[in-house]
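Shared between the two complexes below is chain A, which pairs with chain B and chain C, respectively.
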Partner chain A sequence: MEGTVRSIVLTKGVPDFSEGAVSFDEDGHLERGKTPTVMNPNDEVALRAALQTRVRHGGHVSGMSMGPPGYGDVLREAMESVYTDDNYLLSDRELAASDTWATAITLSAGLETYQAEVGDIDLVFAGFKTADGETGQTGPQTAWAMDWPIVTHVVALEVDPDERRLRAKRLVEGDVDEIETVEAPLPCFVITDPEFEPSYRQASHRLTRKRLREETRERAADHDDHLTTWNHEDLNLDPDYIGLDGSPTIVSSVDPIPKAPSEREATMVDPTDADAMDDVLEELRPHAAGTSDHATEAGD
Partner chain B sequence: MTDETDAYEHYEAVVVGGGPGGAAAAARLAEHGVETLVLERGTEAGSKNVSGGLIYAEESAPYTIDDLFEGFREEASERPVTDYHIHNVAGDSVKSYELTDLHEHDTDWCDAVLRRRMDSWLQRRVHEKTSETGGGVLTGVRVNGLLRDGGEIVGVTCDELEPITADLIVAADGVNSELARDAGLMDWEEPDEWFQGVKAVVDMDRETIDDRFGLEGEDGVAHLFSGDLFEGVRGGGFLYTNADSLSIGTVFHLDSLVEERAEPHELLDALLTHPLLAQWLRDDYVEREYAAKLVPDSKKVVHPEPYRGRLVLVGDAAGQMQAQGPIIKGMNHAVTAGALAADAFVAERGSADPEAAGRRYANWLEESGTMDKLRPRRYEAVRAVGEDDRVTDAVERVLDSRLGSLAIGNPIADWALKRAYNSPFLISMLPDTRTGYVTLPTIVAEEHGRTLHWGSEVDPPSLEERIGDLTYDTDVGNPHIELRDQSADSSGDAVRACPVSAESFGGGCYRSEEIKRNGTAETVVSLDTQPCIECGTCAIVADTEWEHPRGGKGVEYREG
Partner chain C sequence: MSDSNTDDETDDGLGHPTRDKKHVRALEDGHYEDIWVFCETQRGELLDVSLEMLGKARELMDQFADDYGEEERVVAFLMGDDCEGLAEECIARGADVAVYHDDERLERFLHKPYTEIAAHMARGEGSLESTDWREYDKPRYVLFPATNNGRDLSAKVQAELDSGLASDCSDLFIEENEVSNPVKTGEPGVKKTFEKVLHMKRPDFSGFEYSTILCLDNPGREFHPQGASVIPGSFEPMEPDPEREGLVVEHEMELEDDWFRVEITDADRLEEGVDLTGHDVVVCLGRGIADDPTGGMELGLELVDAFEDAALGITRGIVTSSYEFEGHVEAYASEERQIGETGQVVAPDLYVAAGVSGAVQHKVGMDESDTIVAINTDTDARIRDFSDYFVEGDLFEVLPRLTEAVKSDAAEIALEPTPDAEAEVEAGAAVGGDEDD
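The block that comes next holds the complex of A and B.
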């Protein structure tokens, strides 16, 4: 019998920017507390990729997210829209206000705990970048922390569970966009491109997907039964290295920063693209406040 | 099978189409434990389908829909129809007869249905049943042809899926069956083999319906209309009460529609705005949906041997649609045929001869009396003389004369006419000429009718508004119909016969344009499939390359 695949999808909640959902205060500032949190739209692409793998090879898909307890709803959404079997929320007051690096450390601890308590992971899927201005470091940083290979900008994916390898088509941006095909061993991180299109060309695959949808409907109705929450103790994390305290973009002199593979995953920003520049400014804000050595360095 | 077809996914049975024919076949196959895959091109079964629609359970039929689907009447249909009237119209003069005897002939029960609701309900039941055998229903998948291996039919090919092989292929893909055509069993050539049905679903709450139609309890009513209100086009109109809407429509012989150069939407409007309907529609007419579809005339097209190799045709795909005078029976026969085809396959399961199931199915259609309903031998006999133009002309002249009118006009004739209308025997013999559809009803109304002294306040939506109210998922850049010949001679009829096009309307599918070339003006026909409601008319009346849109694309009916 062909082997099955166990996948994790990392998802993140973002404020719901859709018409009518956003709440502003009297001064016209976004009220995050009152604005509902929804799943990052790009994570949905990652979820679709995980679902495709699940439909083709069988196995198991778990959603994982880090955030306040309210993020359970985001994971429920993941279950409803792409049928995760169960969900894991890494939630703890100590984990609040993490930057991408601390998030990556926490997520990797989540993955390790999952491997120890649930089962060996074959694939980790993550979206391209979040809708609220984050630049997509979390995936690569988490992969780096796990020391697993990572394939980014994936637009099509084939997994061979028996050979424990995957083949992926990547969209390589340039003057002329190119598609390149790469191979990687499992376990592996897969960062999907928004262009990713799942394909179900076999009748049996479509029937499986339909069956999963029907099974999910029942499961999502009592989502809490399928949601596991882990705090920093469950994750065996030292509070000093996580949350606000562990976020190097604010707190000075934390070593791992230069080692983070973020440079290799640098995002190219078109300076004439206002939205993209907003993202950059968002990234620079803590540095501008001068609260970090790193920022001072960067400001030079 | 060769290695190539061996590599494809295999199901014991593939059923194409999720209408009543496909649903019955699949349910029956699943009950026999046959692994059955159902492929439906709509986003949901029913989203492509239109009927009048009264579904009959005939006492003499081997299968009825509630035999196969428990709870059908309670959950999938609108309301029973037990009261049946025909109105002969001549201008403002109307003579009405109760037709309940004809309606109840061989009828166990009869319900009004709306197809979106009915077919989607069936789809859920069918999926439950077929899932248990390792199959299921897939929507949004369009089968685009037959898969052959060395000339033998072995499966189907689809737009959305890899080819699939099967031991039995049930083409329940309705009128304009691409599979029947691919197999060479049906063609789309002759307008006189088809009807065109057009219908409006009208919003009306239950209380208002019951009040205006004088209904009490569950039971609803059917009204039929014939006479001179349709510009001499052969056919008639209908009105059925639903739970909280009315179905009002027309069914015309396609050849007549073309000959009279009539516009289908205008004929529907002629019915809607007739003073006779004003008593029910009053001044608050709200149309929920405009729809149309071709209807095969079984008397002419029903296939006596609806199979080829492993392929069997059921329902409209095989032309099994019976117009018994004003009574239209397609859904019930599709159900019977689907179930019989399934049983035949099971009876011949394991036979080395791939055509054994098809042959047995055809025999059972005969033995069960279904074929004789679809193509009555009596009709065959009468047709030979009755549809000869010279005979028609002679009869028409007599009827139109004072003598003829007097004959029909006397009180005994009134009594005899009511009996005649209610005789299934006579009705099935009625030749398809002007006489039965137009002349006779007109004279009846003139001679016996009462005059309506009021007008109508109904103001039906324009074609543009009707198209605007429909839901489409257009397959941009991939039109499903191609016009092969732009000349007015070959394709000009479509400008009028297309139910969403009109000579004076630029926003429809077919338009005629005058172009000047070298000083001479020439009329050419152009086609834009965006507003197309996939009725199939232009496959017959214009020179086209006609296919259904890809799965899930095109128009989506909410009522049907």
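The block that comes next holds the complex of A and C.
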């Protein structure tokens, strides 16, 4: 179809780090098994970027993830919470303990298999950084394995499917922060920055978005019908070059971040104890508004 | 040395893409020396983190010489438009060799050409004059800055060199390591000691743990250079020493037009973001606002407003959360207000931490404050160890009382004691935010 865009969104399951969900053993180690898995929060940004493209230009969005069979739930979450038309899970025992290099090789095989069996990809979206330690390498390494161009830290995106080009604004951090405007040919990888904001200025786009959101929520209710799982044979991957065997790095040790020796002796304050609270207020009172001619930031 | 690409592999019947090992470029019996440091530049200057990495690399290699009796070098590598002067500066900052590539098209970072040039440099490809200072296949170690561009480059260069990477490291040291992992030793039940291993320590799992990452050779596939990206501010730069001697080498390589398919058409310096430093008071919100993120932010802003000179900060946890903030407070939820290791470092007279658990990364951003008041329902929260006052209660209840008290300058700010007040405090966060009006 002319003018439409086929996108893949790479998602990852991570431990749920929200307050209260994290579980530690007696030695202070994170108990990964007892900590629930959720979709990497930054992947939601990538999904929103893909949805923006889907709304503006039509086409198709597929979610793709690598992980154990249970990660189907992560893909279902992607479909339900933002948008995908269908999902692909790369799942196999041979893939266990992959580091980023082996993960990138596997994802590139997933993309190549997708191109061979489903259709030509225009854009691959991924979020920046996962919450569990892999810090933004997988996107660039997968793009490297495909030898496709990549634009990272994207905060705004426009796609021109007819010209087969995209225009993006990307955030550069250094000793000063900068915004670059970048143009690139399709197919291309787009790694979204957490600051990315989709925009739907046209009323028709807002309506389309609403309809697509309803459809994707309905689809997610029957997620298994929209999920395809590929193992290493489907992906034509040699077990020696994936999983632990194909990973240059190993984790040698994991230590709880040492609890720093208490440098301060905290006075415990019961908020129902008026005298105790008064001690706290003694610290706050000298800074109250009106005590000098400074301007308060929030009052500007 | 032999290239694994040319090894005869038994055909296991599996096709593309790894059967032909197109991505496998590691060596067997390769020769590796030196620590390489990618010195990122911006607007014609070396980034601070580039100088910090050179300082750390100098320290590592001085120790290396003491430990092993072998002198290996610190090699700075950089690229850009007219960067010979910066290469010389790298020598003064601790490098023994500085390799640079000049091209006006390299003024700003671009994935493809930067990756190609860096890998070409590291492999020692290029004219004889530009490579005769070295006699090894690839660097032993390599460091990159953990900046937006530095991280991208580290990932691609290490992939291109077929080696591994530990990203966002905050500590590095070199020593031997005994490993029993059969993938690395070649056979189960056998231990093997790897010498001169770069130990790369990084805060992991959103700051709950430190992982030490090693990049170790497999039998028949050697993963070098051992690579790390380094969090800015982790190490001290060396004082510049203009008398230091070193070799500055211009790298030569033809750059293909096709590498410039991605074009930068414009670049603007961002407005100076929000400056949280220099205020008398900072009110910081953490994930304790989860029950009602918008309401929690409003309460924090109201307290800020009650002070003469205060600013609102947030934790990394809020920045990376998927909380949906309503429009009017959303502007306060962005990274530019983040306090901590990867955000701003503040030291106000008074720091109010509401619903902040107190990860180590947060602590470094605020523990120089004069007085720290924590509000938290969880008495085991780490922040207790670096607070002066720990108000054991729900921020949704405590913040409005503080605001009211500061505003009215009232002496009496305690919560109205109610018959079941004790139980309420113990129930903690369950009380929720519906009582603020």
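One rule holds in what follows: the second predicted complex is superposed on the first by the 244 of 300 C-alpha atoms of A that agree within 3 Å, B and C clash if a C-alpha of one lies under 4 Å from a C-alpha of the other, contacts with A are read in each partner's own complex, and residues count from 1 in each chain.
The criterion applied here is as follows: a residue touches a chain if its C-beta (ideal position, glycine included) is under 8 Å from a C-beta of that chain, and two chains touch if they have at least 3 such contacts.
Predicted model only: the values in this text are computed from it and were never measured.
Engineer: Could you tell me if A:K210 is touching chain B, chain C, both of them or neither one (first, second, both, neither)?
Structural biologist: first
Engineer: Touch check for A:L237: first (chain B), second (chain C), both, or neither?
Structural biologist: second
Engineer: Where does A:Q202 make contact in the superposed view: on chain B (first), on chain C (second), on both, or on neither?
Structural biologist: In the superposed model, A:Q202 contacts chain B only, not chain C.
Engineer: Touching A:A184 in the superposition: chain B (first), chain C (second), both, neither?
Structural biologist: Only chain C; A:A184 stays clear of chain B.
Engineer: Given the superposition on chain A, which partner contacts more residues in chain A: chain B or chain C?
Structural biologist: After superposition, C is the partner touching more of chain A.
Engineer: Contacts for A:E173 in the overlay, against chain B (first) and chain C (second): which applies, first, second, both or neither?
Structural biologist: After superposing on A, A:E173 lies in contact with chain C but is clear of chain B.
Engineer: Determine, under the contact definition given at the top, whether A:D222 touches first (chain B), second (chain C), both, or neither.
Structural biologist: Neither: A:D222 stays clear of chain B and chain C.
Engineer: Determine, under the contact definition given at the top, whether A:P15 touches first (chain B), second (chain C), both, or neither.
Structural biologist: second
Engineer: Under the touch definition given earlier, write down the residues of chain A that touch chain C in their complex.
Structural biologist: So the residues of chain A touching chain C come out as 15, 17-19, 22, 24, 29-30, 41-42, 44, 99-101, 104-105, 108-109, 112, 131-141, 143-145, 149-153, 171-185, 188, 194-195, 233, 236-238, 241-242, 244-245, 247-257, 259-281, 283-285, 287-292, 294-299.
Engineer: For chain B, which residues are in contact with chain A within the complex?
Structural biologist: Those residues of chain B that touch chain A are 9, 11, 37, 39, 127, 131, 135-136, 138, 141, 160-162, 164.
Engineer: With touch defined as at the start, can you tell me which chain A residues reach chain B in the complex?
Structural biologist: 201-204, 206-207, 210-211
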